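Below are two complexes that have chain A in common, paired first with chain B and then with chain C.
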Partner chain A sequence: MLENFSFRTIVEYLPLFGQGLVTTVWLSALSFVGALIVGIVLCAMNLQRGWLFRAPAKAYIDAVRATPLLAQLYFLYFGLPRLGFVLPELVVGIIALSLNSGAYIAEIIRAGILSIPRGQVEASVASGMTYVQRMRLVVLPQAFKVTIPPLLGQAIVLVKDSALLSLISVAELTRAGQLLASDRFMPAEGFLTIAAFYLLLYYCIKGLAVLSSRWLGTAGARA
Partner chain B sequence: MTKTGMIDFRGVNKWFGALNVLKDITLSVEPREVVVVCGPSGSGKSTLIRCVNGLETIKDGNLIVDGQRVGDPATNMTSLRTEIGFVFQSFNLYPHKTALENVTLAPIHVRKIPRAEAEKAGRELLAKVGLADKVNAYPAQLSGGQQQRVAIARCLGMRPKIMLFDEPTSALDPEMISEVLDVMVAVAEEGMTMMVVTHEMGFARKVAQRVVFMDAGAIVESGTPDEFFSHPRTDRSRAFLSKILRH
Partner chain C sequence: MIWHQFLSLAGSYPLALRGLGMTVVLSLISLVLGTLLGFGLGILRTGGNRLISIIIGAWVDLIRGTPFLVQIFLIFFILPEFGIELDAFTAGIRSVPTGQVEAALASGLSRWQRMRQVVLPQAMRIVLPPLVGQYVLLIKDSSVVSAIGLTDLTRVGWLVVQRVPNGLLVFFLVGVGYFIVCYPLIMLARRLERRIGAAHGEVQL
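On to the complex of A and B.
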């Protein structure tokens, strides 16, 4: 198969891949910001004592984790217009990724907060801090550090998941590969190329993870 | 209204499930008094002092601290806690803050003292506990004894009326115990009202006006350090003392 692998065709399609890559990067970035907001809100609901906020948050997180992203994507893609929201595919895709990743991020943040030893909370309570003060000054700054690496892991997952948006014809990276594969009937050229680009994105995010852990490791060391 | 102590337990009871961890505790600590609480493991002594600042809630009875009833909805616990310093067995310093920041955090954010003033006071307190050179060190860079001294300075930074110590030297290597006890003695000699859960009998003899011996959730015996150590009145306190004084 590889003896007639056509680099020339790949070069020919490079502008399309380039546009797809750029779209994947910014739609993933937007989705990640959306997911962070969704995650923070869900996590805040999930940490409340009463069930009024906690129960819906838990139900939502379970529903998202238990169902395929593709099903969620189609649910929004076909469901939103029925409710009267006719949105561009790209917007639907970003909403779907935000809502999906947000559920995972909620759990990552919750784990980070719960990893802070009980004694930290007791010390801040004993010094007369209010709930908001001890979250802001003691718990969240420490939780933030332990949360960064898994959050970047989730960012990598999100970038790969964004490939599914090709199925609702968003012109992102995977869509570019599909076009090449179907136009020229060259699946190897199409999909190996996008795989290489995803790998590149992966190393960029991983580089961020390494940098951030180095930075967090020196500032205010924990034994 | 009858005259009350700084800390006044009146018939206080507490349960953990079916376990009666505090049994009908009545105890009054006067202003400037130092009371040492001792007793075997699980006797309820930590629970006793954790009730004073509301880290534990009581089931019934009255606990009046600085004239306010703990657990009463009318009592603002957050503001009452600013008057009570609490030193933990495991220090519980904030690992992401330097020694100075640990000391100034609550004064700045809770007491609303201007930063410059709080830092000046913080430096003085760290110097007082012998850590003038560790102002910018993080807790992970300090020994256990140093961390506990920062923790004491952190409490003093709030200018509390009461200091509670929950086994402050139990997690320390033997050679670090005296540096922490010296600081506690200095605090006691300045007239702080203190309740100290400890088995450090030297400390008790030196500064305590009273030793309270607890067993199985109840106060079994209470007296001056001299009375208690030299002439324990109950079998249980004698058995306890023979164990801790053996070595």
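On to the complex of A and C.
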């Protein structure tokens, strides 16, 4: 039973958990930015008419979606050194998370752009807008609104996925829990504490999602 | 050099098959249990009792708000402290299904009486695409059980790469294994989605 659950040890290890939490937050944030870039590029390729750009983008998105992140992470972790890139584990992890989430974000953005009624696109073509004007003035502002909630959902997934980086010994939150579990043989203290921290992050992003939907809702009402 | 590695890899194909088998069996059992649990909780949550739906909602948040790896560690390391000894396999299965609740919840199911005749058959059509999508997630998530020492496909890759130091090739092949299992399901989910979209008179752009 858990009658000798030691809060004192948790307090003692609090600096370690704090560091882990901070690392998890900034590496997730960095990976999210990377994923946005990857996603936008992939989506732009995917929306082209010719197959030259479309085919590789589609193949990449399917390959990422049909394989587990852990296998992708190991692929880069064991594979990159073979190609001559010897990088720190943390960098490998950020690359893996960016490349993985990017594929999902590409689909989110695509769904957002395709949600704009065809009539609007035709109307802007008819009124003589260029491609850039059409995108900038008509499609993207509306698509932006539609994509924010699922993007925040993807951010939650990314934060949770970042726990896998502990398996290539990146010193993030889950790693801190593992350390406490193995140093002091206190798995309950270690893993329950990090679970609480992840929940905290989850509710923060969820709160952000609620706020943004309220804000976007009013923005929509004003327009 | 490469040829040598190929031979060595070819030699470990029984291990790879066992790993793939483990992944498929683990996923299948979890899929059945998870679907039952998910439907049960989903129906209970919309059953009208506020207390029950609040508890289930909190449980879903708890599961959705923490990484799967952490859940696996919790089950694997902490249940023994309560005198519940699970071998890795059972622990793996226990922890997989919970993520499935959402798909059933997403349908907005209604009361039990109306359930069987009216709601379920119609809800099924709405639930099916995200449910199949959830199965793909489940199969991919099952790779995380390699962290508690189950010899699934990912763990096989990890074991083989210690002998054959070609991470690119080994994990490419691991990826192919997952792709073979997951891609048909992804295609199925897309088809179902399109069919249901067409049934509702939505225009595919």
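Quick note on the criterion: the second predicted complex is superposed on the first by the 220 of 223 C-alpha atoms of A that agree within 3 Å, B and C clash if a C-alpha of one lies under 4 Å from a C-alpha of the other, contacts with A are read in each partner's own complex, and residues count from 1 in each chain.
To be clear about the criterion, a contact is a pair of C-beta atoms (placed from the backbone, for glycine too) under 8 Å apart; a residue touches a chain by one contact, two chains touch by 3 or more.
Just so it is clear, the structure is predicted and the values come from calculations on it, not from any experiment.
Q: Which of the two, chain B or chain C, is in touch with more residues of chain A?
A: For chain A, the partner with the higher number of touched residues is C.
Q: Scan A:187 for contacts with chain B and chain C and give back first, second, both or neither.
A: Second partner only, chain C.
Q: So in the superposed three-chain picture, is A:114 touching just chain B, just chain C, both, or none of them (first/second/both/neither)?
A: second
Q: Now for A:135: first (chain B), second (chain C), both, or neither, which partner does it touch?
A: Neither partner.
Q: Determine, under the contact definition given at the top, whether A:72 touches first (chain B), second (chain C), both, or neither.
A: second
Q: After the superposition on A, what does A:167 contact: first (chain B), second (chain C), both or neither?
A: second
Q: In the complex formed with chain C, which residues of chain A make contact?
A: Checking each residue of chain A against chain C gives 1-2, 62-63, 65-72, 74-75, 77-83, 114, 118, 156, 159-164, 166-167, 174, 177-178, 181, 187-188, 191-192, 194-195, 198-199, 201-203, 206.
Q: Could you list, by residue number, the parts of chain A that touch chain B in their complex?
A: It is residues 117, 119-120, 122-130, 133, 137-138, 141-142, 145, 220-223 of chain A that touch chain B.
Q: Can you tell me which positions in chain B touch chain A when the two form their complex?
A: Residue positions touching the partner: 53, 55, 78-79, 81-82, 84-86, 88, 90, 92-97, 105-106, 109-110, 138-141, 154-155, 158.
Q: Considering only the defined contacts, which chain C positions touch chain A in the complex?
A: Its residues touching chain A are 61-62, 64-71, 73-74, 77-78, 81-83, 136, 139-144, 146-147, 153-154, 157-158, 161, 165-168, 170-172, 174-175, 178-179, 182-183, 186, 203, 205.
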